[in-house]
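Letters A, B, C and D name the chains as they come in the text, with residue numbers starting at 1 for each one.
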């Protein structure tokens, strides 16, 4: 068994709004091993993006704050580090790419400058070498005219190219962990296919662990080894990707998988989940999914379900699987 | 960039022509008979006709405009009705002090304004921000003529540090420049702050932090540079505020510049001087905006390419 | 063919991109040559990636913009050259549903004003009569009467899209143009809306022109499909035929690129190389030749014509017979 | 960043009070302490402007040669001027002039500028070019200089100051409204209304104009401050109100000569102008924080 690159345990993150604390993440647990792709799936409001920002501790200019839990990265707890210690890890051992390639690069700086910034700082390379390194990185992400591109500005590139640049930037210091937050959502489907292939290739070459955050179950099925499903700031299910799609356990996961239209599927009416995600200010008591669940029991509305270990690779937070001496009136 | 500059200059021409027409028409737009106004109430009909001839008002209007433009091109701006001197000569002594005054004011106002704005933005909702913003909102609310008088009272009358007015060496510039720049400094500070706050929300700032950059390089290399682009534009537009303010400030400090000249000429109904002074102010303002536009393209790579 | 509600022929739209004083203004051909027909009560989908002109086509058909040339026949009437004042009838027959349910509803209007606005424009009904119809319509789309006095932002994304649908349905249109109606929604909500659209089609015999980039959604909802690339339709036909037996290399690649939500079907993909060309500067000949794995010299020179290859499918490619 | 407000639970919604835009506005405006205070100040000032002549302790025009240039005291709160007139009474009566001049100039500029801006932004094309080029021409005369030129042309006097300040306000309003209109036009719901067959007037009135209102309110507030400064500046230069009027700028100008000996004659009217303009600017800032959607999201 290889060691965990990242282990998030019991993470709770909240924002302040009008002097009241609004908890968005309410106890998130998962871990990633070296060379593994972990999919973090959920709909808007599930807290999946905030999970990534919590790991990177990118709360600048917001009221966000980790209030509980720990994030072990290469064995060290990031929540106990100072900003300057984390800064040495960010961009070097742990890098991130974002959803919007159009706005994630600084429009007034040349591509080369933006790439070399991190290289010069983390790898302490002199200018000429870091330029060489930047060009190498661009080539490795499939940009042929790398020598020219470093002198160009972001707006001269297409969305797909910019996302390649972002990936080159993230991979520049050969990080142990790459966090990709909806990296292909803003891209066209043929370009998405290119970027996903590229990420797979880079993972093989560098043994980088990838935390892939997405709402797209298709992308998860194609890319990931392991999947964590989030709902309302909590992990509701964790499983190996094949197990998850073959036999989803949590009613939310079941509903999610059934509501995706699949090519070749002859279903006339799609399954769907009734209602919508509750807002953080108005979270239901007990299981957060209870108001939308089609297998809801009375206990679900009272108490939060425990996390049940179904097998060595599977966990699920649902009363259906809890062995508890409570009367279960299904 | 040169192509863009050339294009902007050509685009300015129609506006310049309209402005020249407006200033030319100035004398014709005066309610009543301008010649009689100039000649005064007690003037005889003969006197009035003489003035009319002197001002060229007896010729057909189109001919007058053509003459006016011809004279403009050769720098012939007419003769002052009060001093009898060629207007251009009067401008020669008045223009440079005004120019120095406005540019000195612009310079310190921009520098200090930027500093306050950036400092406020990075300390948002903390006391340096409150202090900066209270200063700035006061700066845009304070009447320039009042501030000038207060400064004279404090620094010249009470402390005797600077002259109360006139123009006698560099020290004569300090109080007028402080007065003139206060408002524009405040505007730049306010604008820089809001622009910085907006930029600091941008996705690429998050990218910079995710790269592990130090906070000061995030702010200087990434945020400030981007904010500067819009700050430059605003500063350029505010230059007009400075020109207008210079009239007031020069009056308060009895400063021998263009603004003072304009006000004096209005008092004496010295129309040739008024006309030409207005034209000069407009021209100056347009020129500064042209420079700002060009600077904008230098700072903004996106525009550079599109033009 | 049974009654056709919409027939579009050789539709073309070029936009002028502003030039300065010294620059020649450029023409961008957003829609180059588009022809298709929609039968009453069916769904025709235009599918393609960004810049392919699918949304422009939709806006041309509603005459939000005027076509450069070509013909648009809606319910038997030619509207391509009609003046704005003559379009009143069209505005009732054809309604639109928009992509962003947050942006397409005026935040300052109450639901009853929002949904009732088309009635206010097109009918002389009194306020009470309008409100009665609005309440009925809210019921139809799965909302209820007490929602009528709220503002749009008090609703979730899915509910807002229901409001958009109610507004489109209220004039009893024959054709609804739905421009990416579910792409801003979460999957569990998306399926609710897709089901609703299907149910309404059966109930009211409406036809849809469905514009989307999402092939899985398109496959679910359509009867016929047109695949667009850089302003032209490259393949058109019955849905089943297109998905089971795509002929155009672009259609093939597009279908293959869609990630499938089933890890057991994982396979090494044939990924299309290169970027989508800028519509301002399209490639010569077949616009797809820069990315096509089968491209040869003829593709760079000649524009392929649309040919019917069987009863259910037409393709514009030099190599498909 | 995750925005926690995108989704709402309809079940919980029912229990909440009914949403009303005005209440919502008041709820957030209440929190803007400085702006609230400034609003109270302006409210009082307006009351004073209306009932001024009845509450002024002295006749503002009546000279008192026994009390020339007296400093502030219990009997003369703000002291007396060079004719022994009570400065406090003059300030109270002057408030009416300042507010009347600035309100009417800005209001006229607002109406004209808004109409031009809406037309220009909505229709575009040649009409937009004509309007915007004309504005450019006016813009090439810096604000105060344009006003000076107009007054120089029309002659000094309070009515001409109003006209001058109005004229230099028009292009600013037109540009602002044009920009807001162009932004509002981008809203998909405008396209939705057009696709429904709504007429131009309907689209402009129901869908576009309401979008420009919040920007206009902010701008009007700030602009009143500018107008007061400009009007008192013109008066100070001798181009505005006549010398015997209790206009704040005039008072300041005539007090200049006594600055060294009796500085209160300059300080008092200055404070009046400064506080009034400051109050309008603070209200404007507060409104911006509440109304500007860009700031709201932060």
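The rule is short, and it goes like this: a residue touches a chain if its C-beta (ideal position, glycine included) is under 8 Å from a C-beta of that chain, and two chains touch if they have at least 3 such contacts.
Note that this is a predicted model, so its numbers are computed, not measured.
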item: Touch-network distance, chain A to chain C, counted in steps; value: 1
item: Taking each chain's C-alpha mean as its centre, the one farthest from chain A; value: B
item: B-D against C-D, pair bridged by the larger set of C-beta contacts; value: B-D
item: Separation of chain C from chain D, taking each centre as the mean of its C-alpha atoms, in whole Å; value: 48
item: Chain centre separation in whole Å, for chain D relative to chain B (CA means); value: 22
item: Separation of mean Cα positions, chain C and chain B [Å, integer]; value: 53
item: Chain C residues counted as touching two or more neighbouring chains; value: 156-157, 159
item: Shared-contact residues (touching 2 or more other chains) in chain A; value: 44, 276-277
item: Residues of chain B whose C-beta touches two or more other chains; value: 201
item: Residue numbers on chain A that touch chain B, as the complex places them; value: 56, 58, 60-61, 87-92, 95-96, 98, 100, 103-109, 117-118, 121-122, 153, 155-156, 166, 169
item: Chain A partner contacts - residues on chain C that touch it in the complex; value: 49-50, 156-159, 186-192, 194-195, 198, 213, 215-217, 219-220, 243, 253-266, 269, 271-273, 275-276, 291
item: Touching residues (chain side chain C, partner chain D) in the complex; value: 59, 62, 64, 87-88, 90-92, 94-96, 98-100, 103-106, 108-109, 117-118, 121-122, 146, 149-151, 154-157, 159, 164, 167
item: Contact footprint of chain D on chain B as seen in their complex; value: 14-15, 18-19, 22, 26, 29-31, 137-138, 140-146, 149-150, 152-153, 157, 194, 197-198, 201, 239-245, 247-248, 251, 262-263, 266-267, 274, 278, 281-282, 285-286
item: Contacting residues of chain A [partner chain C, same complex]; value: 43-44, 158, 160-161, 188-194, 196-197, 215-223, 241-242, 245-246, 255-257, 259-265, 267-274, 276-277
